[in-house]
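Just below sit the structures, each encoded as structure tokens.
Shared between the two complexes below is chain A, which pairs with chain B and chain C, respectively.
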Partner chain A sequence: MALSNEAYEALQAIVGERNVTRDPAILDGYALQMLVELVRPNCGHYMPRAGAIVMPGSTEEVQAIVKAANKYNFGVKPHGTGWYHWASPMYDPGTRYGDEKDTVQLDMRRMNSIEIDEKNGIAIVGPYVIHAQLHAEAIKRGWSCNIIGAGSSCSVVAAACAYSGIGAGTMWMGGNAENVLGMEWVTPSGEIVRNGSLGSGDGWFCGEGPGPSVRGIMRGTLGSRGGMGVYTKCAVRLAHWPGSTDWNVQGTVPAYRLPLDKTFRVYTVAVPTWDAWTDLYYKIYDNEIGYTLHRQYNLAGAELAPAFWLMYTDPTKQLSDLPAMLDEPGMAELTEEMRISLQIVMAGRSEADAELQDKVLDKILEEVGGWKVEKYCTQDMAEFTNMYMNRLGHKEINYVYAGNYIGSWMQAGTPDWVKGYIPVAAAGYERDYRNGLLVQAGGDSMMGTVGAYPGGGIMGLEQFVSYDGADHESTAAAWYHMDDAVEDAKTINYPPGKEALYIEMRYTDEQAFDKWSKSKQPWTYVFQREIRKRYDPNYVGDRQYNWIPEEWERGEKHASTPIMPGPGRPQPAPEGYPTI
Partner chain B sequence: MALEDYRADAMRCNRCSYCKWIPQDRIKSWEFAKGCPSVDYRHFHAYSGGGRLVAGLSLTDGRSEITDELIDVVFECTLCGSCDVSCKVCRYDMHPLSGAKEFRHYLVDKGAVPAAYPGIIAKLRDTGNMAGAPQAKRADWAEGMGIKKLGVDTDKAEVLFHAGCLYSFNPALRNVVQSSARVLAKGGLDFAIDGDERCCGGKAYDMGYRDDFAAAAKANLEKWAAAGVKTVVSPCATCFWTFKRLYPTVAGDDYGIEILHTTQVADRLIKEGKLKPTKRVPMKVTYQDPCHLGRQGEDYVPWHGEEKKIFGQAVVYDPPRPRYNGAFGVYEPPRDVLKAIPGVELVEMERNKEAAWCCGGGGAVPQAYPDFADFTASKRLDEAQSTGAEAIATACSSCNRILGNAKAADGGTMKAIDVLELLEQSL
Partner chain C sequence: MEDMKQDLIGIVGADNVLDDPVITEAYAKDESFVLSIKPKMVVRPGGEAEVQALVAWANKTATPLVPVSSGVPHFYGDTVPSVPGAVIVDLSRMTRILRVDRRNRMVVVEPGVTYAQLQPELAKEGMRITPPLYPRANKSVVGSLLERQPTLITRYNYSLPEPLRNCGVIWGSGQRFFTGDAGWGPADLEAQWASGGRQVDPKGPAQTDFYRLLTGAEGSYGIVTWASVKCELLAEPRKLLFVTAPKLDDLVDLTYRVVRIRVADEIFVVNGAYLAALVGKDAADVAALSLSLPAWTLVMGVGGRALFPEDRMAVAEKDIADAVAASGKQLLQAIPGLATSRVEAAVFGEYDGAATADGAAHWKLRAKGGVADILFHTPLDKAAGYLATMQDAAVAHKYPVGDIGVYLQPQHQGVAYHMEFSLPYAKDDKAEAAKARALYSAASKKLIDDGAYFSRPYGEWADPVYNRDAAGRDALRTVKKIVDPNNVLNPSKLCF
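Here is the complex of A and B:
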């Protein structure tokens, strides 16, 4: 149902004419999203287009917009920086929402206040404060913050309250979801709820009380992904920063350096086998070393990464120099040396602590048969890694090869469990890139955090599969790579990985149910149904807040619309097709 | 290139929004994290480097049409290039700034431009300058200074001093151009000016009027050839950039003319001992990197190539394409001049060099969107004030004019002064 003029005028009255638009070209700026071509019919480039974009300036304006949505029957979808297609409205045509519902996207840009309680290490941020801003303000005061793996350009509120929240610093600093110390929430029916200690008027210091703890409601399983109201503010816990309060950035684009304080150590370490790799992880957890840890550089692919980062850190070089660099003397040896490696930044509370951590790491490496990769531990590379890992300001490099990538696999679990899928994931990627339609970066282009929970224990590796979204054939190859990855996982009895989340987007909710109903539904979806009934009776939120209707639980099927048309499957590589 | 040629960029843009900020690593505070004046002013994604690419995709896909709002999207941008620098921190295959310029050209072709533009272009066509001032007054600023004039005192000049339209006709800026010329002469530089100097055409290019730019370029190139000009020196960053980066596209790969900014020449003369700043000029100054001198002031590298793929799908260019990512802009010469002046204390703004915030004067914005220009300048003044500087030194006519007239958020103003004006005080 198209947004009525009456509804549009109501929005104008709430936020002012300047802060609302329905110009199609501007709307499309919100419809184009990363990975869009893998989840839209025929690899199209646009998510469903909103009926209008609105920029609220305050919690009260958000509340008024949501109330208008209930009155005029449109949907509301909040949008942080929009670095994921979850920020686009998803309503199923002809399903339980009635007709395709027009949605208003709320671009939260104008709500970007930041307040830091320096004494208590708490930051209170509006929805458009990005991690880099919070990090910068925190560093000045001797604090730091967990920056999610998507990097410093993402909204803190989105990462803390609406989706995931894991990053390279999570093992030390906690995930963003755990770090929430209170939040302000405009529910889909237009109430304002303040949770944790804030709800009882005691300020922002505890997310669970005294006062209402509605964290579970707001987070849901992976996060409510904009389907359950709008978070207008939240408080997050900061982490201690034992480095200089002067963010002493050096050098120029693209690869800035951060000199190491005396309390810091930065290494790229490697091990000979995946068994040694799991031991390395467990020993890091047990000994509680490491400030930020990531298997980071391997995103460029085990065959290309060693040369890639040497190219990247030289401002006179570019991607086209990479083939020649691969042939440089010593590069083949370096590639072998770093095949199974990770990056670690250690921060001591004192110089003595840093020295101790150094000794502990050396001992661990000795025990697991590992080593420091000398070429990547020079002062220059250490300074680059120090910057990269502490700020996570280069995440767009995930897209460096061809502008798009799909992160497949990424099933999270213990290192031993993750180890179980690595060879299968690598072989599947190699098989799928043989025809040259995906970037050939070496079978293992797996990257991921060392610890996804405080203290470690759980982690995951994501396979970086780059494709060219401007090339239909290449996009089609990525489309089918996702299906193949699910099939590959089945062969070793692993559940589907991250790709399943995207594949699900190609289905209506009904189709997804038909497909997944063969497996047990998580109880969370049942709880979330009840939550939805209470807080969103008019379906103001979209289907990204997962829940299952009662009929589904009884196994009753719904009339299905045809599954989203995909591209034709690309031809497999002919026998003997050359790869790197 | 055509707008269609940027469709691949749009499809390869994944909406990371880096183009809205200074490079992420350089962010040191909440306030001065912002890099794009356009999106900071209008907020909608379309007003960012990436957003404009998508708007172009949408238009060429037939999903949207040219509207008044779209005209604003395309022209309410200072073309400062901050988006381009930040995007290229991680990407070798994206060109948001040239995409934005192409969009303007596309709309000019369709006759869809801001209301102010046709009048400005008509003036350029009538008078040969952007101000629409009588061309006879072009060299008035040099009267009585004893500077050689091409066509009057001499027919030949190896070194040509090009003042630029704003410096030539704006009385408030006259002292800058005069100082610049005096300083260079004092350093022993033998140069002439053109009494009938014509607009460089850079502004017309930025406005999207490529034919007018090409006409201006051809006229100047012919004159320079006839006069045997080997080096052109300009105190205006936009003229410098136009001659350096745009003229070779008209002249061809054997362009061969050395283009220098006055700060580069002064720096050279100081380092060669030909200029000796000795008098104390006790002043705390900060420096505004002009976009056309700084991040867009990198050397032109001829390139005629095409996209190709390696490792299956990785996008590169054959031969390698110049990056123009701001790494090698003209940043140090003006700073070195300032540092050479006894008594001058240079204090940097947080956003400097490749991460500098635009003054608001670029992209023909003051002419079409004066409120936006004022907003941008005001933000810059806030930052300049935060350094505790008394004055803001710069090296561009647009920066000088707009910052000199701007008001900070607290209503405060600041003296804008050219680097060479300051240098002259110390000689």
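Here is the complex of A and C:
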């Protein structure tokens, strides 16, 4: 059902004619999102086209739009800064449960205010504020902020209220899920709910209560990814920045460097085995060292990363130099030296504290049989790492090899538990790239947080699988890599990883209900159905806020259509086909 | 009545159904000003299955249940029935420590596990959990965390419910459920442990943080039958440092700084009256100390743990000393006129072992036998304003301003401070009790009106606080209808 003229005029009346459009070219521009070709029929590059794009300028305008959605029967999907296909309308005809309806995309770019309470270390931001903006403002004032793994180009509100919110700084600074204080939520029914002290009119400093925390229904492991109303503002807790407030950034694009303050230490450290790697993590947790920590550089793949980053930081080199660099003397040794490695930035609150952290790290490395990777601890590389880890501004790397990437695995848990899937994830990727359709960066192309929860104890590793989205065969290989990763996890009794969330995007609502109704504790989805009934009775959101109808709860109904067919498996590699 | 008793005996056994009037009377009141309502019976389930059966029975018979996990004294009215005909579900028999995991620093406990029981067991593994300030020995660990009692080490307090992680819960509907990462797996802890699950991540499952709904709920949504809790390493060596000042304002900037750089372990601010109550041996001692102790004291713990513990403590102490010097204050190794060992006993003691079963010796009751606490959250820079509000109210009610204990505990890395006014009064003196109660009500109202955030709105605070946020109140009622449609769990306690 297309958006009616009456509905469109209502939107114009709310935001003004300049802030709403249904120009097909613009609509398609919004529909072109990351990972789309892995979840759309025939590996198409577009999500379903929105009925209109609307740019609200205030919470009140968002509220009016949502009320119009209920009146004129259209869906609403907010787009903060857009990362993944989650941010787009998701329904083709016949795939939505209940009424057919068009979906209006909200582009939040006009809501970009930042307010910083310097005394109390709190920032209040609008949904179009990205981490880089907030970080830059915070640093000037001696504060920093947790930047999510997806990078500093992502919206703070989206990360804090509507998605996950973990990154390289989470262990010390807290994840956005923990740091979010006040949230302003325009529900799909058009109400405005605020949590904690904000809801009581007492300010943005406390996210819990009064009594049971309303915060509990506003976000969980993930947020609702735009499927349950719109978050129009939030407050996040900032973290102390012990370094210079005036960054003397050096170097040239893309390899900017941040000189180390006296109280900073930056290293790439490595260990000989995965057992030593888990011991390293547990000892870092117990010793409370590190400001930002990540297994960052390995996103380029264990076989290529050592050469890749040397290329990246050398202004005379480019990507096409990489094959030759791999053959340079010493590169094979370096590749082995840093096969199991991570990057750590330690920021002392004083010089004595920095020296102590250094001493502790040395002792930990001695105990686990690890070492500092000398080539990656030179002043230039340390300064590059310092900039990278503290700003996470290099998201182009995700796409550098072939234009597209899919993150698989990334199940989060204790280091000991995560260690259990590493060999399977590595072997699966090696198997899947043997035919040359995926980038052969090494079966271990796993990047991940050292701490997926503040204080440590939880982490995860995401397998970076690079493919060429403009090449059908390569895209097909990535498509089936996701399916295969799910099956690989089953062989070791692990739950599926991130890829399962992406695969859900191929489903109709009813197919998703089938899946969720078979989960270990399906009452979660029953609870969320009842919350939806209250806050989205006309289902103007979408199933990114997961739920199941009563018929599925009772086992009386199942999806009647087959799951979207794949593009056909590419031919496996012939015997003897070379890999790196 | 007899049918009810037989039903309950069928669930928990005859020894665990108590209807002796002396016992039911004890559950009908606490140290707060809430109306005394006597329960019909007290039952003491021995495990999760019995809790689930009790909730099913309550739904069938429309009987209100009031969960209680800690021993007496209770202070806030949350365990006193708000309606007649209730059955108390006393969880104090559920005392199993289900799992201690040093490598992941996690412990899984039932709700009857107390600080006195747990901390020694954790110490054997070189761990502890960060306690609230000097909890009574019989205080339930799970109960304390569900109440969101403030804990002492703010740098470990990454969100207000921390270190609470996962919960097993029987909702008011009878639905059995696991929260957090335990909610993704089978509802079977043994099976989860066998497959490497450690109930570490509190978030979720899915788009809901269910555990947050259980905190501050006063048992009105569900009965928690186990919880996983994050532990910390025991600090050894450790010591306390102090800065004193004549005015609260004098300590504000320094406290901001020390909290911000996360150098201290325990850190809080108290006034002389509060500190006297905390360390005083008896009424006379408290009274004497109140007169002699500094007006305000910033208490900071430093400690060593893991590798190079002595170095770690020395560096922390030096960094604190530098911060104190930069503020123009003096860092003290002891509070003038008070043996440091007495403060250490309260701060490092982890629980008040001196408290007796009847509650008479609880440190808050030593001064005068009764106490009324007013507690809320505030940013630190507003604390002095609320103190003035409280003192003005005391003057207006002819309550001795010098008797007001004040405790400021930074939480959530210092963005919010638990502020507590402690008003001791002679419980047996009706006139004094009435005066204290009038002050408690008037000051609470004024503070709420002035923007003090009562995040744990016990008793008479509930209506004015929940009514400040109609949308939030409606959301809580929505949840209540889902998880406890027959309103059997602690009804009329919150906003439903």
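Simple rule for what comes next: the second predicted complex is superposed on the first by the 551 of 580 C-alpha atoms of A that agree within 3 Å, B and C clash if a C-alpha of one lies under 4 Å from a C-alpha of the other, contacts with A are read in each partner's own complex, and residues count from 1 in each chain.
Everything below uses one rule, namely that a residue touches a chain if its C-beta (ideal position, glycine included) is under 8 Å from a C-beta of that chain, and two chains touch if they have at least 3 such contacts.
The shown structure was predicted, so the numbers you read here are calculated from the model rather than taken from an experiment.
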Problem - chain A as common anchor, with chain B and chain C clashing or fitting - result: fit
Practice task
Give one of first, second, both or neither to describe whether A:Ala332 is in contact with chain B, with chain C, with both, or with none.
Solution key: neither
Practice task
For A:Arg109, decide between first (touching chain B), second (touching chain C), both and neither.
Solution key: first
Exercise for the section: Could you look at A:Tyr30 and tell me whether it touches chain B, chain C, both or neither (first, second, both, neither)? Expected result: first
Practice task
Using the superposed model, measure off the angle between the directions from the CA centre of chain A to chain B and to chain C, in steps of 10°.
Solution key: 130
Problem - Contacts of A:Pro210 with chain B and chain C, given as first, second, both or neither - result: second
Exercise for the section: Pick one for A:Leu356: touches chain B only (first), chain C only (second), both, or neither. Expected result: second
Handout entry: Lowest C-alpha to C-alpha distance for chain C against chain B (Å)
Key = 23
Practice task
Would you tell me the residues on chain A in contact with chain B in one complex that are also in contact with chain C in the other?
Solution key: none
Exercise for the section: Report the residues of chain A in contact with chain B in the complex, numbered from low to high. Expected result: 19, 21, 23-30, 32-35, 37, 45-46, 53, 55, 81-83, 107, 109-110, 114, 129-130, 132-137, 140, 151-153, 247, 249, 252-254, 256, 258, 304, 315, 318-323, 387, 391-397, 399-404, 433, 436-441, 466-471, 474, 579-580
Practice task
Provide the residue numbers of chain C that touch chain A in the complex, in ascending order.
Solution key: 103-106, 148, 156, 158-162, 175, 177-178, 181, 183-187, 195-198, 200-201, 203-218, 220-221, 230, 233, 256, 260-263, 305-308, 311-312, 315, 318-319, 322, 377-381, 412-416, 451-457, 462, 465-466, 468-469, 471-472, 475-476, 478-479, 481-483, 494-495
Handout entry: Touch list for chain B against partner chain A, complex
Key = 7-8, 10-18, 21, 23-30, 33, 43-46, 51, 54-55, 57-59, 61, 63-65, 67, 69-70, 73, 85, 87-94, 309-320, 323, 325-328, 353-354
Completion exercise
The answer for chain A against chain C in the complex is residues 119-122, 174, 177-178, 181, 191-197, 199-203, 205-217, 219-224, 228, 237, 239-240, 242, 282-283, 285-288, 349-350, 352-353, 356, 359-360, 363-364, 412-414, 416-417, 420, 452-455, 457-458, 493, 495, 519-521, 523-525, 527-528, 530-531, 534-535, 545-546
